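Same chain, two partners: chain A is paired with chain B first, then with chain C.
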Partner chain A sequence: MIQPQTRLNVADNSGARELMCIRIIGTSNRRYAHIGDVIVAVIKEAIPNSPLEKSEVIRAVIVRTCKELKRNNGMKIRYDDNAAVVIDQEGNPKGTRIFGAIARELRQLNFTKIVSLAPEVL
Partner chain B sequence: MRLEFCWFCSSKIYPGHGIQFVRNDAKIFRFCRSKCHKNFKMKRNPRKVKWTKAYRRLHGKDMTKERKRNRPERYDRNVMENTLKAIKKIDKIRHDRAADHIAQRWKPKAAKERREARKELEQSISLIKAPLAIQSQEPAITVPKIKVKAPKQQTVEDQLMEE
Partner chain C sequence: MLTAALRSSSSSSLLRRSWQRVLPASQRGLCSSSIVAGSNDGGGDRRSLLELGEVEKILTDVRADDVKVIPVGKRCDWVDYMVIATGRSTWHVKNIAEALIYKARFVKQKQKGVERMMLPSVEGQEEGKWIVVDSGRVIVHALDENARAYYKLENLWNSDPSHKEPSQDLAKAFVKIRPKNNSKKRVQTSA
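Showing the complex of A and B:
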(Lines of atoms letter the chains of each structure in order from A and count residues from 1; the text may use other names and numbers.)
(Lines give C-alpha, C1' and ligand atoms only; values in the text may rest on other atoms or scores of the structure.)
Protein backbone atom coordinates (compact mmCIF):
# COMPACT_ATOMS: atom_id res chain seq x y z
CA MET A 1 0.00 0.00 0.00
CA ILE A 2 2.37 2.62 -1.28
CA GLN A 3 1.08 6.14 -1.66
CA PRO A 4 2.65 9.53 -2.32
CA GLN A 5 5.13 10.49 0.40
CA THR A 6 5.94 6.83 1.10
CA ARG A 7 9.63 6.13 1.43
CA LEU A 8 10.93 3.03 -0.27
CA ASN A 9 14.23 1.23 -0.17
CA VAL A 10 15.98 0.66 -3.46
CA ALA A 11 16.58 -2.99 -4.25
CA ASP A 12 19.20 -2.56 -6.97
CA ASN A 13 22.60 -1.01 -7.55
CA SER A 14 21.43 1.88 -9.71
CA GLY A 15 22.91 4.42 -7.28
CA ALA A 16 19.82 5.53 -5.41
CA ARG A 17 19.35 4.45 -1.79
CA GLU A 18 15.95 5.77 -0.84
CA LEU A 19 13.01 6.91 -2.93
CA MET A 20 9.91 8.84 -2.05
CA CYS A 21 6.80 8.05 -4.05
CA ILE A 22 5.22 11.00 -5.80
CA ARG A 23 2.61 9.47 -8.06
CA ILE A 24 1.18 6.08 -9.01
CA ILE A 25 1.12 5.35 -12.72
CA GLY A 26 -2.21 4.04 -13.96
CA THR A 27 -5.70 5.41 -13.59
CA SER A 28 -6.11 8.91 -12.27
CA ASN A 29 -6.66 9.34 -8.50
CA ARG A 30 -5.45 5.83 -7.80
CA ARG A 31 -4.98 5.56 -4.07
CA TYR A 32 -2.45 2.85 -3.39
CA ALA A 33 0.25 1.01 -5.25
CA HIS A 34 1.07 -2.65 -4.67
CA ILE A 35 3.74 -5.06 -5.84
CA GLY A 36 4.17 -4.78 -9.60
CA ASP A 37 2.88 -1.22 -9.94
CA VAL A 38 5.01 1.49 -11.48
CA ILE A 39 5.41 4.69 -9.51
CA VAL A 40 7.02 8.05 -10.10
CA ALA A 41 9.48 8.75 -7.32
CA VAL A 42 12.05 11.31 -6.27
CA ILE A 43 15.44 10.21 -5.01
CA LYS A 44 15.83 11.21 -1.40
CA GLU A 45 19.18 9.55 -0.77
CA ALA A 46 21.80 8.45 -3.24
CA ILE A 47 25.21 6.79 -3.17
CA PRO A 48 27.91 9.38 -3.85
CA ASN A 49 29.53 9.40 -7.33
CA SER A 50 26.69 7.53 -9.04
CA PRO A 51 24.73 8.32 -12.23
CA LEU A 52 21.61 9.05 -10.14
CA GLU A 53 21.56 12.08 -7.90
CA LYS A 54 19.47 13.24 -5.01
CA SER A 55 16.17 15.01 -5.92
CA GLU A 56 16.03 13.42 -9.35
CA VAL A 57 12.59 12.30 -10.52
CA ILE A 58 12.57 8.75 -11.84
CA ARG A 59 10.24 5.83 -12.35
CA ALA A 60 10.35 2.67 -10.28
CA VAL A 61 8.51 -0.61 -9.95
CA ILE A 62 7.53 -1.88 -6.50
CA VAL A 63 9.00 -5.28 -5.69
CA ARG A 64 8.36 -5.72 -1.95
CA THR A 65 5.70 -4.38 0.36
CA CYS A 66 4.99 -4.74 4.05
CA LYS A 67 1.31 -5.09 3.17
CA GLU A 68 0.41 -8.71 2.34
CA LEU A 69 0.22 -9.77 -1.26
CA LYS A 70 -2.74 -12.10 -1.86
CA ARG A 71 -2.42 -14.86 -4.40
CA ASN A 72 -5.16 -16.77 -6.18
CA ASN A 73 -4.34 -20.00 -4.34
CA GLY A 74 -5.12 -18.29 -1.04
CA MET A 75 -1.50 -17.67 -0.09
CA LYS A 76 -0.60 -14.36 1.55
CA ILE A 77 2.98 -13.08 1.53
CA ARG A 78 4.34 -10.25 3.57
CA TYR A 79 7.82 -8.78 3.25
CA ASP A 80 9.92 -6.97 5.79
CA ASP A 81 10.20 -3.63 4.00
CA ASN A 82 8.90 -1.56 1.10
CA ALA A 83 11.30 -1.71 -1.83
CA ALA A 84 11.40 -0.67 -5.46
CA VAL A 85 13.66 -1.12 -8.47
CA VAL A 86 14.52 1.94 -10.57
CA ILE A 87 13.41 1.52 -14.19
CA ASP A 88 13.38 3.61 -17.36
CA GLN A 89 10.41 4.47 -19.57
CA GLU A 90 10.39 1.04 -21.25
CA GLY A 91 10.50 -0.91 -18.04
CA ASN A 92 14.14 -2.05 -18.09
CA PRO A 93 15.97 -1.77 -14.79
CA LYS A 94 18.65 0.91 -14.60
CA GLY A 95 20.86 -1.12 -12.30
CA THR A 96 22.67 -4.38 -12.99
CA ARG A 97 22.04 -6.26 -9.77
CA ILE A 98 18.97 -6.84 -7.64
CA PHE A 99 19.09 -7.36 -3.89
CA GLY A 100 16.66 -9.28 -1.76
CA ALA A 101 13.68 -11.45 -2.63
CA ILE A 102 11.30 -10.58 -5.47
CA ALA A 103 7.65 -11.56 -5.85
CA ARG A 104 6.71 -13.97 -8.62
CA GLU A 105 4.01 -11.57 -9.85
CA LEU A 106 6.59 -9.46 -11.65
CA ARG A 107 7.11 -12.15 -14.25
CA GLN A 108 3.49 -11.97 -15.39
CA LEU A 109 3.78 -8.19 -15.61
CA ASN A 110 6.66 -8.49 -18.10
CA PHE A 111 9.49 -7.39 -15.82
CA THR A 112 11.45 -10.43 -16.95
CA LYS A 113 14.84 -8.76 -16.69
CA ILE A 114 14.29 -7.94 -13.03
CA VAL A 115 13.09 -11.47 -12.29
CA SER A 116 16.11 -12.99 -14.02
CA LEU A 117 18.52 -10.82 -12.03
CA ALA A 118 16.83 -11.50 -8.70
CA PRO A 119 18.69 -13.75 -6.23
CA GLU A 120 15.43 -15.19 -4.91
CA VAL A 121 11.95 -15.25 -6.44
CA LEU A 122 9.21 -16.07 -3.96
CA MET B 1 -0.62 -28.43 -2.92
CA ARG B 2 1.76 -28.86 -0.05
CA LEU B 3 0.96 -28.90 3.64
CA GLU B 4 3.37 -26.67 5.51
CA PHE B 5 3.98 -26.44 9.24
CA CYS B 6 3.47 -23.29 11.24
CA TRP B 7 6.82 -21.90 12.37
CA PHE B 8 5.49 -20.99 15.75
CA CYS B 9 3.09 -23.69 16.86
CA SER B 10 4.05 -26.49 14.41
CA SER B 11 0.49 -27.15 13.33
CA LYS B 12 -0.38 -27.99 9.73
CA ILE B 13 -1.21 -25.07 7.46
CA TYR B 14 -3.86 -25.88 4.88
CA PRO B 15 -4.15 -23.87 1.66
CA GLY B 16 -5.90 -20.56 2.12
CA HIS B 17 -4.88 -20.19 5.74
CA GLY B 18 -2.31 -18.04 7.41
CA ILE B 19 0.38 -15.66 6.27
CA GLN B 20 3.92 -16.16 5.04
CA PHE B 21 6.47 -13.62 6.15
CA VAL B 22 9.62 -13.22 4.05
CA ARG B 23 12.49 -11.71 5.94
CA ASN B 24 15.12 -9.62 4.15
CA ASP B 25 17.55 -12.53 4.16
CA ALA B 26 14.90 -14.47 2.17
CA LYS B 27 14.02 -16.81 5.05
CA ILE B 28 10.31 -17.67 4.96
CA PHE B 29 8.27 -17.92 8.15
CA ARG B 30 4.88 -19.53 7.75
CA PHE B 31 2.15 -18.96 10.29
CA CYS B 32 -1.12 -20.83 10.61
CA ARG B 33 -3.10 -17.97 12.10
CA SER B 34 -2.72 -14.42 13.35
CA LYS B 35 -2.18 -15.66 16.91
CA CYS B 36 1.12 -17.23 15.91
CA HIS B 37 2.00 -14.29 13.66
CA LYS B 38 1.44 -11.80 16.46
CA ASN B 39 3.48 -13.85 18.92
CA PHE B 40 6.29 -13.90 16.37
CA LYS B 41 6.11 -10.13 15.97
CA MET B 42 6.38 -9.85 19.75
CA LYS B 43 9.66 -11.76 19.36
CA ARG B 44 8.50 -14.59 21.58
CA ASN B 45 10.51 -17.77 21.52
CA PRO B 46 8.22 -20.71 20.68
CA ARG B 47 10.35 -22.97 22.85
CA LYS B 48 9.23 -20.96 25.84
CA VAL B 49 5.56 -20.58 24.99
CA LYS B 50 3.65 -23.35 26.68
CA TRP B 51 1.00 -24.23 24.11
CA THR B 52 3.38 -24.74 21.19
CA LYS B 53 4.54 -28.14 19.98
CA ALA B 54 8.15 -26.93 20.25
CA TYR B 55 7.77 -26.39 24.00
CA ARG B 56 5.90 -29.65 24.53
CA ARG B 57 8.51 -31.70 22.71
CA LEU B 58 11.37 -29.92 24.41
CA HIS B 59 9.91 -30.53 27.87
CA GLY B 60 8.96 -34.15 27.22
CA LYS B 61 5.21 -33.56 27.31
CA ASP B 62 4.70 -34.95 23.83
CA MET B 63 6.48 -37.68 21.94
CA THR B 64 9.38 -36.30 19.93
CA LYS B 65 9.09 -36.56 16.16
CA GLU B 66 10.97 -39.40 14.57
CA ARG B 67 13.90 -38.29 12.42
CA LYS B 68 12.76 -37.40 8.94
CA ARG B 69 14.82 -38.83 6.14
CA ASN B 70 14.79 -36.41 3.23
CA ARG B 71 16.94 -38.50 0.95
CA PRO B 72 14.95 -39.12 -2.24
CA GLU B 73 14.62 -42.75 -3.27
CA ARG B 74 14.59 -44.13 -6.77
CA TYR B 75 11.06 -44.91 -7.88
CA ASP B 76 10.23 -48.55 -7.37
CA ARG B 77 6.69 -49.57 -8.10
CA ASN B 78 6.56 -52.34 -5.53
CA VAL B 79 7.95 -50.11 -2.79
CA MET B 80 5.44 -47.42 -3.70
CA GLU B 81 2.54 -49.87 -3.61
CA ASN B 82 3.54 -51.32 -0.26
CA THR B 83 4.07 -47.86 1.20
CA LEU B 84 0.62 -46.73 0.15
CA LYS B 85 -0.92 -49.81 1.77
CA ALA B 86 1.08 -49.31 4.95
CA ILE B 87 0.38 -45.60 5.46
CA LYS B 88 -2.86 -46.23 7.32
CA LYS B 89 -1.24 -48.67 9.73
CA ILE B 90 1.80 -46.44 10.25
CA ASP B 91 -0.45 -43.54 11.15
CA LYS B 92 -2.35 -45.67 13.64
CA ILE B 93 0.86 -46.88 15.28
CA ARG B 94 2.22 -43.35 15.55
CA HIS B 95 -1.03 -42.11 17.04
CA ASP B 96 -1.08 -44.97 19.58
CA ARG B 97 2.53 -44.36 20.58
CA ALA B 98 1.87 -40.68 21.17
CA ALA B 99 -1.17 -41.55 23.30
CA ASP B 100 0.90 -44.09 25.24
CA HIS B 101 3.54 -41.46 25.95
CA ILE B 102 0.96 -39.19 27.51
CA ALA B 103 -0.70 -42.06 29.43
CA GLN B 104 2.70 -42.98 30.91
CA ARG B 105 3.14 -39.41 32.05
CA TRP B 106 -0.19 -39.51 33.86
CA LYS B 107 0.33 -42.96 35.44
CA PRO B 108 1.92 -41.93 38.76
CA LYS B 109 -0.93 -39.51 39.36
CA ALA B 110 -3.44 -42.13 40.61
CA ALA B 111 -1.01 -43.60 43.17
CA LYS B 112 0.00 -40.12 44.34
CA GLU B 113 -3.63 -39.13 44.79
CA ARG B 114 -4.30 -42.21 46.89
CA ARG B 115 -1.28 -41.56 49.10
CA GLU B 116 -2.28 -37.97 49.67
CA ALA B 117 -5.87 -38.94 50.40
CA ARG B 118 -4.74 -41.47 53.02
CA LYS B 119 -2.50 -38.90 54.66
CA GLU B 120 -5.27 -36.32 54.74
CA LEU B 121 -7.65 -38.85 56.29
CA GLU B 122 -5.17 -39.57 59.08
CA GLN B 123 -4.46 -35.96 59.83
CA SER B 124 -7.76 -34.20 59.41
CA ILE B 125 -10.32 -36.81 60.54
CA SER B 126 -10.94 -34.56 63.55
CA LEU B 127 -12.72 -32.09 61.29
CA ILE B 128 -15.49 -34.63 60.85
CA LYS B 129 -15.52 -36.62 64.04
CA ALA B 130 -14.35 -35.71 67.53
CA PRO B 131 -11.29 -37.69 68.65
CA LEU B 132 -13.06 -39.16 71.65
CA ALA B 133 -15.96 -40.37 69.48
CA ILE B 134 -13.54 -42.10 67.18
CA GLN B 135 -11.75 -43.82 69.98
CA SER B 136 -14.92 -45.22 71.49
CA GLN B 137 -16.90 -46.11 68.41
CA GLU B 138 -14.54 -47.12 65.63
CA PRO B 139 -11.34 -48.64 66.81
CA ALA B 140 -10.46 -49.27 63.15
CA ILE B 141 -9.54 -45.65 62.52
CA THR B 142 -6.66 -45.00 64.86
CA VAL B 143 -5.95 -41.40 65.58
CA PRO B 144 -2.33 -40.86 66.51
CA LYS B 145 -1.96 -39.54 70.02
CA ILE B 146 -0.92 -35.92 69.97
CA LYS B 147 1.12 -34.71 72.92
CA VAL B 148 0.20 -31.22 74.07
CA LYS B 149 2.04 -29.40 76.82
CA ALA B 150 -0.44 -28.49 79.56
CA PRO B 151 -0.34 -24.88 80.75
CA LYS B 152 0.88 -24.42 84.26
CA GLN B 153 -2.17 -24.63 86.52
CA GLN B 154 -2.69 -21.67 88.76
CA THR B 155 -2.73 -22.81 92.39
CA VAL B 156 -5.01 -21.21 94.94
CA GLU B 157 -2.01 -19.40 96.45
CA ASP B 158 -1.14 -17.73 93.15
CA GLN B 159 -4.68 -16.52 92.73
CA LEU B 160 -4.66 -14.97 96.19
CA MET B 161 -1.31 -13.40 95.40
CA GLU B 162 -2.74 -11.73 92.31
CA GLU B 163 -5.51 -10.20 94.26
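Showing the complex of A and C:
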Protein backbone atom coordinates (compact mmCIF):
# COMPACT_ATOMS: atom_id res chain seq x y z
CA MET A 1 0.00 0.00 0.00
CA ILE A 2 2.26 2.70 -1.30
CA GLN A 3 0.94 6.23 -1.52
CA PRO A 4 2.51 9.61 -2.25
CA GLN A 5 5.13 10.55 0.34
CA THR A 6 6.02 6.90 0.92
CA ARG A 7 9.73 6.18 1.04
CA LEU A 8 10.90 3.13 -0.81
CA ASN A 9 14.23 1.37 -1.02
CA VAL A 10 15.71 0.71 -4.40
CA ALA A 11 16.17 -2.92 -5.31
CA ASP A 12 18.62 -2.53 -8.15
CA ASN A 13 22.02 -1.07 -8.90
CA SER A 14 20.80 1.92 -10.87
CA GLY A 15 22.47 4.35 -8.48
CA ALA A 16 19.50 5.53 -6.45
CA ARG A 17 19.21 4.47 -2.83
CA GLU A 18 15.90 5.77 -1.65
CA LEU A 19 12.85 7.05 -3.49
CA MET A 20 9.78 8.92 -2.41
CA CYS A 21 6.58 8.19 -4.25
CA ILE A 22 4.83 11.21 -5.64
CA ARG A 23 2.17 9.74 -7.92
CA ILE A 24 0.66 6.41 -8.85
CA ILE A 25 0.38 5.78 -12.57
CA GLY A 26 -2.89 4.36 -13.74
CA THR A 27 -6.43 5.47 -13.21
CA SER A 28 -6.78 8.93 -11.77
CA ASN A 29 -7.40 9.35 -8.07
CA ARG A 30 -5.94 6.00 -7.17
CA ARG A 31 -5.24 5.65 -3.47
CA TYR A 32 -2.66 2.94 -3.04
CA ALA A 33 -0.12 1.15 -5.14
CA HIS A 34 0.83 -2.49 -4.72
CA ILE A 35 3.41 -4.85 -6.17
CA GLY A 36 3.54 -4.45 -9.92
CA ASP A 37 2.27 -0.88 -10.09
CA VAL A 38 4.28 1.87 -11.70
CA ILE A 39 4.81 5.02 -9.68
CA VAL A 40 6.45 8.34 -10.29
CA ALA A 41 9.05 8.95 -7.64
CA VAL A 42 11.72 11.44 -6.73
CA ILE A 43 15.17 10.27 -5.69
CA LYS A 44 15.84 11.22 -2.10
CA GLU A 45 19.21 9.54 -1.74
CA ALA A 46 21.64 8.35 -4.36
CA ILE A 47 25.01 6.71 -4.54
CA PRO A 48 27.72 9.25 -5.40
CA ASN A 49 29.04 9.24 -8.96
CA SER A 50 26.07 7.46 -10.44
CA PRO A 51 23.97 8.39 -13.49
CA LEU A 52 21.00 9.14 -11.23
CA GLU A 53 21.19 12.08 -8.86
CA LYS A 54 19.24 13.23 -5.88
CA SER A 55 15.95 15.08 -6.56
CA GLU A 56 15.55 13.60 -9.99
CA VAL A 57 12.04 12.53 -10.97
CA ILE A 58 11.89 9.00 -12.35
CA ARG A 59 9.48 6.16 -12.79
CA ALA A 60 9.69 2.98 -10.78
CA VAL A 61 7.82 -0.28 -10.41
CA ILE A 62 7.09 -1.59 -6.94
CA VAL A 63 8.57 -5.00 -6.26
CA ARG A 64 8.30 -5.42 -2.50
CA THR A 65 5.69 -4.19 -0.07
CA CYS A 66 5.15 -4.68 3.62
CA LYS A 67 1.49 -5.19 2.84
CA GLU A 68 0.99 -8.82 1.96
CA LEU A 69 0.35 -9.95 -1.58
CA LYS A 70 -2.46 -12.45 -1.87
CA ARG A 71 -2.62 -15.27 -4.37
CA ASN A 72 -5.59 -17.27 -5.51
CA ASN A 73 -4.37 -20.42 -3.81
CA GLY A 74 -4.47 -18.69 -0.45
CA MET A 75 -0.77 -17.96 -0.25
CA LYS A 76 0.33 -14.59 1.04
CA ILE A 77 3.72 -13.02 0.58
CA ARG A 78 4.82 -10.28 2.91
CA TYR A 79 8.19 -8.56 2.73
CA ASP A 80 9.96 -6.56 5.39
CA ASP A 81 10.44 -3.39 3.42
CA ASN A 82 8.96 -1.44 0.53
CA ALA A 83 11.18 -1.46 -2.51
CA ALA A 84 11.01 -0.48 -6.15
CA VAL A 85 13.05 -0.89 -9.30
CA VAL A 86 13.83 2.20 -11.36
CA ILE A 87 12.57 1.94 -14.94
CA ASP A 88 12.48 4.25 -17.93
CA GLN A 89 9.49 5.32 -20.01
CA GLU A 90 9.46 2.09 -22.01
CA GLY A 91 9.62 -0.18 -19.01
CA ASN A 92 13.27 -1.22 -19.25
CA PRO A 93 15.06 -1.33 -15.91
CA LYS A 94 17.72 1.33 -15.58
CA GLY A 95 19.99 -0.84 -13.47
CA THR A 96 21.55 -4.07 -14.57
CA ARG A 97 21.06 -6.24 -11.51
CA ILE A 98 18.16 -6.71 -9.11
CA PHE A 99 18.56 -7.53 -5.43
CA GLY A 100 16.19 -9.55 -3.34
CA ALA A 101 13.40 -11.93 -4.18
CA ILE A 102 10.74 -10.95 -6.69
CA ALA A 103 7.15 -12.15 -6.76
CA ARG A 104 5.96 -14.11 -9.75
CA GLU A 105 3.08 -11.72 -10.40
CA LEU A 106 5.43 -9.30 -12.13
CA ARG A 107 5.73 -11.71 -15.03
CA GLN A 108 2.01 -11.53 -15.75
CA LEU A 109 2.12 -7.76 -15.49
CA ASN A 110 4.62 -7.57 -18.37
CA PHE A 111 7.74 -7.04 -16.29
CA THR A 112 9.48 -10.19 -17.47
CA LYS A 113 12.70 -8.23 -17.86
CA ILE A 114 12.80 -7.52 -14.15
CA VAL A 115 11.87 -11.09 -13.29
CA SER A 116 14.61 -12.46 -15.52
CA LEU A 117 17.20 -10.29 -13.78
CA ALA A 118 16.05 -11.30 -10.32
CA PRO A 119 18.14 -13.71 -8.26
CA GLU A 120 15.13 -15.48 -6.85
CA VAL A 121 11.51 -15.64 -7.96
CA LEU A 122 8.88 -16.64 -5.46
CA MET B 1 26.94 -3.06 -2.36
CA LEU B 2 27.36 -4.52 1.10
CA THR B 3 24.42 -2.64 2.58
CA ALA B 4 22.24 -3.70 -0.30
CA ALA B 5 23.31 -7.28 0.25
CA LEU B 6 22.58 -7.05 3.96
CA ARG B 7 19.19 -5.57 3.38
CA SER B 8 18.15 -8.10 0.80
CA SER B 9 19.48 -11.06 2.76
CA SER B 10 17.67 -10.03 5.91
CA SER B 11 14.47 -9.34 4.08
CA SER B 12 14.58 -12.61 2.18
CA SER B 13 15.35 -14.68 5.29
CA LEU B 14 12.56 -13.03 7.23
CA LEU B 15 10.36 -13.39 4.21
CA ARG B 16 10.90 -17.13 4.23
CA ARG B 17 9.95 -17.27 7.86
CA SER B 18 6.83 -15.18 7.41
CA TRP B 19 6.07 -17.15 4.27
CA GLN B 20 6.19 -20.41 6.16
CA ARG B 21 3.99 -19.10 8.88
CA VAL B 22 1.12 -18.51 6.47
CA LEU B 23 1.60 -21.72 4.53
CA PRO B 24 0.32 -24.32 7.03
CA ALA B 25 -3.11 -22.75 6.94
CA SER B 26 -3.37 -23.13 3.20
CA GLN B 27 -1.97 -26.64 3.17
CA ARG B 28 -5.17 -28.03 4.46
CA GLY B 29 -7.11 -27.12 1.36
CA LEU B 30 -4.68 -27.22 -1.53
CA CYS B 31 -1.58 -29.14 -2.36
CA SER B 32 1.60 -27.16 -1.95
CA SER B 33 2.91 -28.04 -5.36
CA SER B 34 0.44 -25.62 -6.90
CA ILE B 35 2.84 -22.84 -5.93
CA VAL B 36 5.45 -24.05 -8.37
CA ALA B 37 2.96 -24.69 -11.15
CA GLY B 38 2.33 -21.01 -11.67
CA SER B 39 -0.35 -19.70 -13.89
CA ASN B 40 1.22 -20.72 -17.17
CA ASP B 41 0.22 -24.35 -17.04
CA GLY B 42 -3.27 -24.21 -18.47
CA GLY B 43 -3.75 -27.51 -20.31
CA GLY B 44 -0.92 -28.80 -22.40
CA ASP B 45 -2.75 -28.97 -25.70
CA ARG B 46 -4.19 -25.54 -25.94
CA ARG B 47 -1.03 -23.53 -26.11
CA SER B 48 0.76 -22.22 -29.15
CA LEU B 49 3.91 -21.53 -27.25
CA LEU B 50 7.25 -21.91 -28.88
CA GLU B 51 9.61 -24.78 -28.26
CA LEU B 52 13.38 -24.45 -28.13
CA GLY B 53 14.02 -26.07 -31.50
CA GLU B 54 11.54 -23.83 -33.27
CA VAL B 55 13.03 -20.74 -31.64
CA GLU B 56 16.50 -21.69 -32.81
CA LYS B 57 15.28 -22.29 -36.33
CA ILE B 58 13.52 -18.94 -36.50
CA LEU B 59 16.55 -17.13 -35.17
CA THR B 60 18.79 -18.65 -37.80
CA ASP B 61 16.24 -17.78 -40.48
CA VAL B 62 16.10 -14.17 -39.37
CA ARG B 63 19.88 -14.14 -39.17
CA ALA B 64 20.15 -12.91 -35.63
CA ASP B 65 23.67 -12.46 -34.33
CA ASP B 66 25.25 -14.24 -31.43
CA VAL B 67 22.44 -16.53 -30.40
CA LYS B 68 23.06 -18.12 -27.03
CA VAL B 69 20.87 -20.68 -25.32
CA ILE B 70 21.35 -20.92 -21.59
CA PRO B 71 19.69 -23.71 -19.62
CA VAL B 72 18.58 -22.13 -16.38
CA GLY B 73 16.30 -24.93 -15.26
CA LYS B 74 18.57 -25.76 -12.36
CA ARG B 75 18.60 -22.35 -10.77
CA CYS B 76 15.13 -21.07 -11.81
CA ASP B 77 11.97 -23.06 -11.48
CA TRP B 78 9.85 -20.73 -13.53
CA VAL B 79 11.74 -21.06 -16.81
CA ASP B 80 13.85 -23.71 -18.49
CA TYR B 81 15.79 -21.93 -21.21
CA MET B 82 16.86 -18.37 -21.79
CA VAL B 83 17.68 -17.54 -25.38
CA ILE B 84 19.59 -14.34 -26.08
CA ALA B 85 19.91 -12.92 -29.58
CA THR B 86 21.35 -9.68 -30.86
CA GLY B 87 19.94 -7.58 -33.65
CA ARG B 88 22.09 -5.34 -35.74
CA SER B 89 19.64 -2.46 -35.62
CA THR B 90 16.36 -1.48 -34.00
CA TRP B 91 14.45 -2.71 -37.01
CA HIS B 92 16.26 -6.04 -36.89
CA VAL B 93 15.41 -6.52 -33.23
CA LYS B 94 11.74 -5.81 -33.93
CA ASN B 95 11.88 -8.20 -36.84
CA ILE B 96 13.19 -11.01 -34.67
CA ALA B 97 10.32 -10.53 -32.26
CA GLU B 98 7.77 -10.37 -35.04
CA ALA B 99 9.08 -13.53 -36.64
CA LEU B 100 8.62 -15.42 -33.39
CA ILE B 101 5.13 -14.06 -32.90
CA TYR B 102 4.19 -14.82 -36.49
CA LYS B 103 5.32 -18.37 -36.12
CA ALA B 104 3.39 -18.80 -32.90
CA ARG B 105 0.24 -17.12 -34.05
CA PHE B 106 -0.21 -18.19 -37.63
CA VAL B 107 1.68 -21.41 -38.07
CA LYS B 108 0.99 -23.15 -34.83
CA GLN B 109 -2.49 -21.84 -34.37
CA LYS B 110 -3.48 -22.96 -37.84
CA GLN B 111 -2.00 -26.36 -37.16
CA LYS B 112 -3.78 -26.93 -33.93
CA GLY B 113 -6.87 -25.13 -35.06
CA VAL B 114 -8.08 -24.12 -31.65
CA GLU B 115 -9.45 -20.65 -31.25
CA ARG B 116 -8.53 -19.87 -27.70
CA MET B 117 -4.81 -20.18 -27.36
CA MET B 118 -2.18 -18.70 -25.17
CA LEU B 119 0.18 -16.72 -27.32
CA PRO B 120 3.64 -15.78 -26.18
CA SER B 121 3.62 -12.33 -24.67
CA VAL B 122 5.92 -9.63 -25.97
CA GLU B 123 7.39 -6.74 -24.05
CA GLY B 124 9.19 -3.71 -25.33
CA GLN B 125 8.02 -3.93 -28.89
CA GLU B 126 7.59 -0.22 -29.63
CA GLU B 127 11.13 0.59 -28.67
CA GLY B 128 13.44 -1.87 -30.32
CA LYS B 129 16.10 -1.95 -27.63
CA TRP B 130 15.21 -5.00 -25.61
CA ILE B 131 12.28 -7.17 -26.62
CA VAL B 132 11.33 -10.15 -24.51
CA VAL B 133 9.16 -12.90 -25.98
CA ASP B 134 7.85 -14.99 -23.14
CA SER B 135 6.57 -18.40 -24.13
CA GLY B 136 6.28 -20.32 -20.92
CA ARG B 137 9.37 -22.40 -20.40
CA VAL B 138 11.44 -20.63 -23.02
CA ILE B 139 12.09 -16.91 -22.88
CA VAL B 140 13.72 -15.17 -25.81
CA HIS B 141 15.56 -11.90 -25.30
CA ALA B 142 16.22 -9.86 -28.42
CA LEU B 143 18.59 -7.00 -27.72
CA ASP B 144 20.58 -4.58 -29.74
CA GLU B 145 24.32 -4.40 -29.24
CA ASN B 146 24.33 -1.52 -26.77
CA ALA B 147 21.73 -3.18 -24.59
CA ARG B 148 23.56 -6.47 -24.67
CA ALA B 149 26.79 -4.86 -23.53
CA TYR B 150 24.94 -2.89 -20.87
CA TYR B 151 22.93 -5.66 -19.26
CA LYS B 152 25.44 -8.51 -19.63
CA LEU B 153 22.80 -11.19 -19.36
CA GLU B 154 25.16 -14.14 -19.95
CA ASN B 155 27.21 -13.19 -16.91
CA LEU B 156 24.06 -13.19 -14.86
CA TRP B 157 22.94 -16.68 -15.82
CA ASN B 158 26.20 -18.43 -16.58
CA SER B 159 27.67 -18.03 -13.14
CA ASP B 160 27.34 -20.99 -10.83
CA PRO B 161 23.85 -21.79 -9.54
CA SER B 162 24.87 -21.32 -5.96
CA HIS B 163 25.53 -17.64 -6.51
CA LYS B 164 24.19 -15.87 -3.48
CA GLU B 165 25.04 -12.60 -1.81
CA PRO B 166 28.53 -12.70 -0.32
CA SER B 167 28.14 -14.22 3.09
CA GLN B 168 29.43 -11.96 5.80
CA ASP B 169 32.03 -13.47 8.01
CA LEU B 170 30.54 -13.16 11.47
CA ALA B 171 33.85 -13.50 13.20
CA LYS B 172 35.30 -10.61 11.26
CA ALA B 173 32.27 -8.41 11.71
CA PHE B 174 32.74 -8.08 15.45
CA VAL B 175 36.44 -7.39 15.51
CA LYS B 176 37.14 -3.99 17.01
CA ILE B 177 39.17 -1.78 14.72
CA ARG B 178 41.05 1.14 16.18
CA PRO B 179 39.88 4.30 14.38
CA LYS B 180 42.54 6.00 12.36
CA ASN B 181 43.29 9.48 13.61
CA ASN B 182 43.49 11.78 10.61
CA SER B 183 43.01 15.04 12.49
CA LYS B 184 45.79 17.28 13.61
CA LYS B 185 44.64 17.20 17.21
CA ARG B 186 46.80 14.99 19.28
CA VAL B 187 45.00 12.12 20.91
CA GLN B 188 45.08 12.32 24.68
CA THR B 189 46.47 9.03 25.82
CA SER B 190 45.36 8.52 29.38
CA ALA B 191 48.34 8.32 31.64
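Basically, the second predicted complex is superposed on the first by the 122 of 122 C-alpha atoms of A that agree within 3 Å, B and C clash if a C-alpha of one lies under 4 Å from a C-alpha of the other, contacts with A are read in each partner's own complex, and residues count from 1 in each chain.
Operating definition for what follows: a residue touches a chain if its C-beta (ideal position, glycine included) is under 8 Å from a C-beta of that chain, and two chains touch if they have at least 3 such contacts.
Everything numeric here is computed off the predicted structure, so don't read it as measured data.
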First, second, both or neither for A:G91, with chain B first and chain C second: second
Contacts of A:K44 with chain B and chain C, given as first, second, both or neither: neither
Partner chain in contact with A:R23 - chain B first, chain C second, else both or neither: neither
First, second, both or neither for A:H34, with chain B first and chain C second: neither
Which superposed partner A:N110 touches (first chain B, second chain C, both, neither): second
First, second, both or neither for A:A11, with chain B first and chain C second: second
Touched partner set for A:Y79, first chain B, second chain C, both or neither: both
Dominant toucher of chain A (residue count), chain B or chain C: C
Those residues of chain A which chain B touches in one complex and chain C touches in the other: 64, 68, 73-81, 100-101, 119-120, 122
Residues on chain A engaged by chain B in the complex (per definition of touch): 64, 68, 73-81, 100-101, 119-120, 122
Chain C partner contacts - residues on chain A that touch it in the complex: 9, 11, 13, 64, 68, 73-81, 90-92, 96-97, 99-101, 104, 107-108, 110-113, 115-117, 119-122
Contact footprint of chain A on chain B as seen in their complex: 15-24, 26, 28
For the chain C and chain A complex, residues of the former touching the latter: 1, 4-5, 7-8, 10-12, 14-15, 18-19, 22-23, 25-26, 29-30, 34-35, 38-39, 76-79, 82, 121, 123-124, 126-127, 129-130, 132, 134, 139, 141, 147, 150-153, 156, 163-165
